[in-house]
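Step one of this worksheet: look at the structure below.
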Amino acid sequence: MMALQIEQLSHSFGGLLALSDVNLAVAPGERLAIIGPNGAGKTTLFNIVTGIFRPSAGRIRLLGQDVTRLPPHRRAQLGLARTFQITTLFPRLTVLDSVLLAVQGLDPVRFTLHRPREAYGHLRERAESLLAEWGLADRCHAVTGRLSYGEQRQVELILALAGAPKVLLLDEPTAGLSPAETASVAEMIRRFSRDTTILLIEHDMDVALELVDRITVLFQGRVLAEGSKDKIRSDPEVAAIYLGTDDA
Amino acid sequence: MKTRIAIRWAAALAVLIALPAVLSSYQLGLLTKMLIFGIFAMSLDLLLGYAGLPSLGHAAYFGVAAYTVGLLALRVANNFWLDFPAGLAVATGVSALFGLFALRARGSYFLMITLALGQVLWGIAFGWRSLTGGDDGLPSVPRPRLPLPWPLTDGGPFYYFVLAFFVISILALSVIVRSPFGRALVGIRESERRMEVLGYDVWRYKYVAFVLAGLFAGVAGNLFVYFNGFVSPSYLNIVFSAAALLMVILGGAGTLVGPALGAAVIVFLENVISAYMERWVLVLGVIYVLVTLFAPSGLVGLVRQRLGSHPA
Amino acid sequence: MTFWVTQALNGISFGMLLFLLAAGLSLIYGLMRMLNLAHGSYYILGGYVGLATIKVTGSFVLAALAATAVVTLIGVVMERFFLRRFPEQELPQALLTFGFLLIFADLSLWLWGGTPQTLPKPEIFERSIRMGTIVFPSYRLFVIGVGLVIGLGLWWLQEGTRLGAMIRAGVDDAEMARGTGVNVGLLSTAVFALGAFLAALGGIIGGPFVGVYPGADFEILEMALVVVIIGGLGSLKGAFVGGLLVGLLDNFGKALFPELALFTVFAPMAIILAIRPTGLFGVR
């Protein structure tokens, strides 16, 4: 059984083909990078996998189950999590509050309304242990919107990890970060549990090559190449459209 | 910290309990009205301040409850145990129906849809004279007779009757907003998309908040028709719905106590200003503009700024 | 027969009036995602200023000029000095415009009193046109004519001019339009002014048959909102078709089922909302 299987996926926006016949299979525990120039359809692919868009054609299986028609929250409950390229954190909530929301999202008490949240100590314990584990414990009462950009990215990753996802989609986790911040975020991703299947969109080739086992190249909505890092590195077509321009 | 908050609440309650001793019957009536409108404003705060849904038709649930209780008490039986639950049931039912329409929209369009839906009820109350009395409304709605030692027709006992509902409402709402459900509403207010991928069925949260807000607005509407003895279409229309929004913003959205305070301020100002001049509507219009420009986070927000603490 | 024709004519002319109001409301929403609750105020202010001008000058044309000029100016001031501070913030916009609605309502009551008034018709439209047994009041035909001319003008503005192209770009994507050098700020003011102008014009031409009175601002706003919801937000065609539909529904409703007058307008709106939330011609 594949962790994530995408079959003959196509998607168009008002006649404009964004994705065309994309096939992709990711094994449990595997780490796959999706690279490609701007407009290749990478984020669209993530939006379809998480259920934000319905694809025009094709099928998505998550851990063997067909999720093509499930809404985002149902997919999340099955063990799918993601981060966003544009930070959509809770800017006015504290870090602890944000992480609590993430922890609570997959907890049976998430819809309880007759008792205050403090009554459920396990939520807070889990949130605090996550923050401690990823080194943000001292920032837990800071308002998220006032954190540095790098710290916000860390919060973003912690939110995605809160539900112990089986499949995790990371959309350019290091975009816009300084080299030092990039290194610390990359270090964080490296420490993620090997049980978590990871799909990573990444612009920084060095970061991508270091973090993943395998690479898929998207170009103009199609899978252009796929394979091991070495294979992609030596692929002349990839070099021409992507590495040649971006990794020069 | 916790005990200090508890002491403050107890003190506020003690003041509310003691006040009738020093107030004239006119002033007591005003205070009763403030509490009723306070419940109404808090019910809207659940929607606006927590879920981030700015309804411009919230009077619908207040008004429909008031009409239900009024009609039952006048035409069927003045039986509290029948009329009061019926008012709540109708308010909840109408909000459950309207929520289905309104929650398809967001932003300005949500304002527009809630406004239009509210005006539908206003149109019915206005047009269906044989049932609702049309523009003249329903006069002489009696107060309930309950097996209490003091008749509710007296101002004092009725005040305590309303105070009991006020306390129950504020306790219930403050538990709701602090519950996992209530915290999720805040998350939805801040970022719907994020909440979806965190596993929340966003629509269901918003819908339940919408219906609950309708239910508590119904509590206020029920109490109001008993208090006022009269209900007219103006308690269903946009002016009253907008006033509720103003009360929430003036007091401080997302604070519960703030909107209750905002309601008290508006009720007070209306009374004082109407007593001295005819141009209350003009003044009210100016208050809308001033609040929007200078106090967007409300009275509670201003106090917090003074104290230097940030919002929850 | 006479009944149906007369009612249809009344419905269509009222529909044209609603079109003038809904078009402005819809354009403003389309460009700025803003619900202007003071739109009904522009109608009564147009009517009252027009009436005052007629009383002094006796000229309907001068009245129309004065009313549209004053109200357009009010619209520009509201947009420039108040609403501009709250871009894309629907709640402050709603509170502000509602505040203005109350202010203008009470000022009008103060200045012009509470008695319903009608504007005198221009003299050439006092007469009726007779066709067999059916009598057409010529003023109603004039209103329909004005509506059609304005509709054509707006259509040309939207499809055939640079301003229209900019508005369409702004409606689609304000961010993008800004990127391509469109001055969105100025555009917003222009659209707001246009909306206010159309509503004031509505007040002038509606003045002789709908009249101006305290509360007309709310009623007109409400009807225009229903038109926009039925027709679809941001769509000129929607405002036109919706206006005609609502005008006819309202007229026949009032004539045939007086008890349910408003319901004949609201019920179709609810149905549209249920089956087509974007309205007949709306895109989003």
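Residue numbering begins at 1 within each chain, and the chains themselves are lettered A, B and C in the order written.
Definition applied: a residue touches a chain if its C-beta (ideal position, glycine included) is under 8 Å from a C-beta of that chain, and two chains touch if they have at least 3 such contacts.
Since the structure is predicted, the reported quantities are computational estimates derived from the model, not experimental observations.
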item: Any chain that touches chain C and chain B; value: none
item: Core chain by centroid distance, with centroids computed from Cα atoms only; value: B
item: Farthest chain (mean CA position) relative to chain A; value: C
item: Distance between chain centroids, defined by C-alpha means - chain B, chain C (Å); value: 32
item: Averaged-CA centre spacing for the pair chain C and chain A, given as whole angstrom; value: 48
item: Intercentroid distance (Cα basis), chain B paired with chain A, Å; value: 42
item: In chain A, residues with contacts to at least two other chains; value: none
item: In chain B, residues with contacts to at least two other chains; value: none
item: Chain A residues within the chain B interface of the complex; value: 50-52, 71-73, 76-77, 80-82, 84, 88-93, 97, 100-102, 104-107, 109-118, 120, 123, 143, 159, 162-163
item: Chain C-facing residues of chain B, complex; value: 48, 54, 56, 101, 104-105, 107-113, 115-117, 119-120, 123-124, 126-130, 237-239, 242, 245-246, 249, 279, 281-282, 284-289, 291-293, 296
item: In the complex, chain C residues that touch chain B; value: 29, 33-35, 37, 82, 85-86, 90-96, 98-107, 109-110, 218, 222, 225-226, 228-229, 233, 259-263, 265-266, 269-270, 273-274, 277
item: Of all residues in chain B, those that touch chain A in their complex; value: 175-176, 178-184, 186-187, 190-191, 193-202, 204-205, 208, 310-311
